[in-house]
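Have a look at the structure below, then the notes.
In order of appearance the chains are A, B, C and D, and numbering begins at 1 in each one.
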């Protein structure tokens, strides 16, 4: 019962807000929206505790029948296991905080029923995604969150740019969705089921008897699913929608484009980890894409000025880490980073949102600076967030990110390059995050007079949730402390997630290194490299931006103008896509329409009719329209027929 | 009650025709409106009756009526419903009252004729759906064209004569091919068995010899392909849709196009099963091309109605490939794809019908359909925005709407039949989103650039009344597909698995048996 | 013998009248020849023992229809046509010749062919015994042909209405040339 | 007894006259009269046939034909009047709506 409440409270909130309370005041929509989420969180918490108390064994909660055709069956079944239970808490928990915060953020809007309706709907869809026991229910959520993302990015639809950004997000996601769909088809074709629990059982019990064809199919399935993950989790080459998605209100960026939706790809890969384990080639691709994304996005973030854009690229980069973790087979590390990232990135986005509110919706960091004085609480929590994301020892990011890097290091010699990319990305992360912190909160204030007058700390509705998130960002890391570090409990999270992960027997050999013993010194050394790099990058950022834009920073920008311009323009990827994909497609469509359709096909159709007209014109040139003539012709015809009949 | 069960299909078919006469005889337009509305509601109730008492456990033909019509030639009056046409019958009867509601406010000197033509059109469509005799079917099939010809030709846009002539001549050309094939089939069947018959019940399961089958199938397939329309026979559709009045577009997209796909499933496949195996790659290929081609064309359109029209080409491509997904080396049709194809027909009727209604709503307010003349309507017409978004989402096949269930099953089945076709067809999912979201964005979002758009009024209660059922149904069909699939499953499986030796048993009207079964089940 | 003589004379007159109907310049004269034609035909009918038909031939055709023609001719004040009324262009002449040849052939064939005679139930004697031609026709008409008879009455009604509607002066109509 | 062939030949002649009248006369009234001639030729065949086979159906048919002829004459003449009003003439050469 409680479980159904978790699912349907947000939906109920969405319907209430979206269809019934359209004339209600902002406060009402805020309260309804948040209450639905808080209620869902409480239910989720109770369900979760109950679940853990009973041993934390995966259970399938059967629901209504959904699609049944031929031999295909996809009921609304839900799965409650350690992975989805954790996601349940993250989504409803962080979701509640963000809902509460959003009331403050959106208070200048005329009405917000639409906003909260979409947000609640999003949570509902996200829950479908994580709770679904089969690929199809997951796909409802998968596309459903895409829809909500589309609606929320385009929330301020009066601006054409926002509408365009929403559309871009939806369409790029759809490219990934095609991959997901093909994955479903292949799965069904190979295994005649799309249910996770059945698949897992099938692979693990009858696993040894998998024939070559099936293994081959699994390779394609995982690849197709990974394409889906690339779309949703903003990996190369489909990441382009995420930076544009920042057009939406900031709480949306925090909830959807940082904490929950974008991690769906990682979640999905973890959910079917038993398949991925069987496809080492796919895993290799996944890891490479992840590492490349992490580095690629991190370099772009180095030179952005829009505070949200920095965070957006940072999100892409961090997602790259998670994907890298999955690709290495270290799903625990990936999911753990998902968890810590959800906390600190939500925190950073919400903090940025507070800054943006205080700055009257200006997002350019060149106009900020010195906000520490005006917004002490925000500054403090942002500081915690930054320390967490750059992996400062003791903060959550440190534990989760270093775990992934360590796994990359130990995965074998071939993977050292991935480790290198990850480490460089970590250095970049440290640089741009500290740069963001410096430009926003330190140095002189560069805003205009009018804005400065109104700078103030935000209301408790807004900073309250920030404090909670800050605590999580700091403490979350201690759930999974590496063994080398002296701490009372080690690897709690790894233990927690172990039942979810399952390496099929055939692939066990290939993944032996995951559990191999290593010398403590080696781990310390790897850790030291990243920490040193991080510290170095942080100091240089402080040096360059600690007092506003130092002359050195401008000089560097001019000295390396080429690189700087390429980075500011995001490697011209958008331009490349526009000219290499969108324009040719448009031209081709135009060609298809004007030439193929109108000129050729329709030309033939009309040509046939014109040919008929021509022939009839030729034969009817004597047709004066005179009744006599017609009658005579008829008569001659009758005579002819009579002649034939009579003789 | 007994009478009703024995004659419900005849009633269903001819009540609209009687209504048409009653409309013509009504002294005033006001009365004519009510008469037509009552007539269409009665038809709808009858269709619900059929729906309710339809036994979803059997693949047989139900509510069958068989009478000798022209015994000399073996032509019979046979009507019946099974899983393949049940949903379409209900859809037709469902859409008609909504359409009547949408033209409620129109009053021209010829409005009465409009209503009468519309009701006779409904008769033609229902008749061709339930007819189970070639000649009987053919009569309805052609009769249906006549009202449509006038609906477009009299109440259409400024290029209406061209459009309506193109529509009727094109369709007619195809139909003549079919007629010729029917006669050949009739004679061949006589030569084979010594019986003159045009009844499908007899013709099923006794296909003509192989080389002839190819020709006959081609003739039937072209006739239906023109109606669907399958690429490259589609060019009449954008013209007809653009010029037709809103009501005409809705019924054209909602039901008439489906008669083409229905015809393929009902006639072409089971009558000429061996030809199906040879032609399936070609037809699936054309379907896939149609999906991509229609979508890309739709993307380029500047006229909202034309865009929706091209989208129909794309969407019906799905239905076509779903109907011809052969699995097991041609041993059977994929039941998943076939289910999807049947389901997608209904869903397309709902979503595209709603889209045409919505375009009609703004056309009435602004007298333009060019996308460039709109923008930012979400602000002034929020409810219109909601409806448009729902229709769009259903059209692009977002999970949770009916479009997804249909498209997914079709793609799944097609993929299993031919991974290449399935993969390329999946592109339609993306391309569909491209043009539909472009449509949404250009109409709803962005700044309001035209002064006239600032004072547009939102949906009136009447407009709500005909849009809401469609919106709700679009979602219900996505969330509770079993509500519909449960009824049609046996018929589809029968055709899918036995299409090579298809037989359908005519069952007596079985209110009592069905009622008994229901009672037993509840016990 | 006298019967045959009668027939040939009547046939000759009918032919002459028919030709005159078609070729005469003046519609009034044509109409009069038509009346003659109809009367002569009535005589032929009578000679074939079809007394009832002969009677209505005179009554309806000669009495009503031709009078109607006359009315219209008077109403429209139609005079004789010009000399050109029978000028026939070359291609039409070909059709004319072809038609005449065709019909002559058919007529000749009919004269020489052998039509089978069948004994039906209503020989002249049987009719006589039944109460005469008119009575017997009435009997057949109101039993076997009741429905067509009723429908023909509707047809007449419709024709009357149609004639009135069509011939009614339309105020809005403009005269075109 | 005169053989049926003679009646048929006579009917053919009448029919020929009627046909030629319909085809070659330009006066609409004459065309209508010629049609009457053709109908009468057919009547003759019916009556002769009826006598030949001793069946009254042929005569009944003539009765119907006369009925229809009356209707046709009525409507046709009405149309002649309407046309005369519209075009001021009853010449058929003016009526060329069937132009291809």
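Rule of thumb we're sticking to: contacts are C-beta pairs under 8 Å (C-beta built on N, C-alpha and C of every residue); 3 or more make two chains touch, one makes a residue touch a chain.
Just so it is clear, the model here is predicted, and its values are computed rather than measured.
**Q** Looking only at C-beta pairs that count as contacts, which pair of chains has more of them, A-D or A-C?
**A** The comparison resolves to A-D.
**Q** Which chain has its C-alpha centre farthest away from the C-alpha centre of chain C?
**A** A
**Q** Can you name the chain whose C-alpha mean lies closest to the mean of all the C-alpha atoms?
**A** Of all chains shown, the one whose C-alpha centre lies nearest the global C-alpha mean is B.
**Q** Counting in whole Å, what is the centre-to-centre distance of chain B and chain D, each centre being its mean C-alpha position?
**A** One centre to the other, that is 50 Å.
**Q** Taking each chain's centre as the mean position of its Cα atoms, how many Å separate chain A from chain D?
**A** 87
**Q** On a C-alpha centroid basis, what's the spacing between chain B and chain C, in Å?
**A** Here chain B and chain C have centroids separated by 55 Å.
**Q** How many Å are there between the centre of chain A and the centre of chain C, using C-alpha atoms for each centre?
**A** Roughly 92 Å, centre to centre.
**Q** Which chain C residues sit where two or more other chains touch them?
**A** 92, 95, 99, 106
**Q** Would you pick out the residues of chain A that each touch at least 2 other chains?
**A** Touching at least two other chains: 628, 632, 635.
**Q** I'd like to see which chains touch which, written out pair by pair.
**A** Result for touching pairs of chains: A-B, A-C, A-D, C-D.
**Q** Which of the residues in chain A come into contact with chain D in the complex?
**A** Going by the criterion above, the answer is residues 616-617, 620, 623-628, 630-632, 635.
**Q** Report the residues of chain C in contact with chain D in the complex, numbered from low to high.
**A** Those in contact with chain D are residues 3-4, 7, 11, 14-15, 18-19, 21-22, 27, 30-31, 34, 37-38, 41, 44-45, 48-50, 52-53, 56-57, 60-61, 64-65, 68-69, 72-73, 75-76, 78, 81, 85-86, 88, 92, 95-96, 99-100, 103, 106-108, 110-113, 115, 117-124, 126-127, 136-137, 140-141, 144-145, 148, 152, 155-156, 158-160, 162-164, 166-167, 169, 173, 175-177.
**Q** So in the complex, the part of chain A that touches chain C is made up of which residues?
**A** 628, 632, 635-636, 639, 642-643, 646
**Q** Note which residues of chain D are touching chain C in the complex, please.
**A** Its residues touching chain C are 1-10, 12-21, 23-27, 29-30, 32-34, 36-37, 40, 43-44, 47-48, 50-57, 59-60, 62-64, 66-75, 77-82, 84-88, 90.
**Q** Which stretch or stretches of chain D touch chain A in the complex?
**A** The contact residues of chain D facing chain A are 19, 22-24, 26, 92-93, 95-100.
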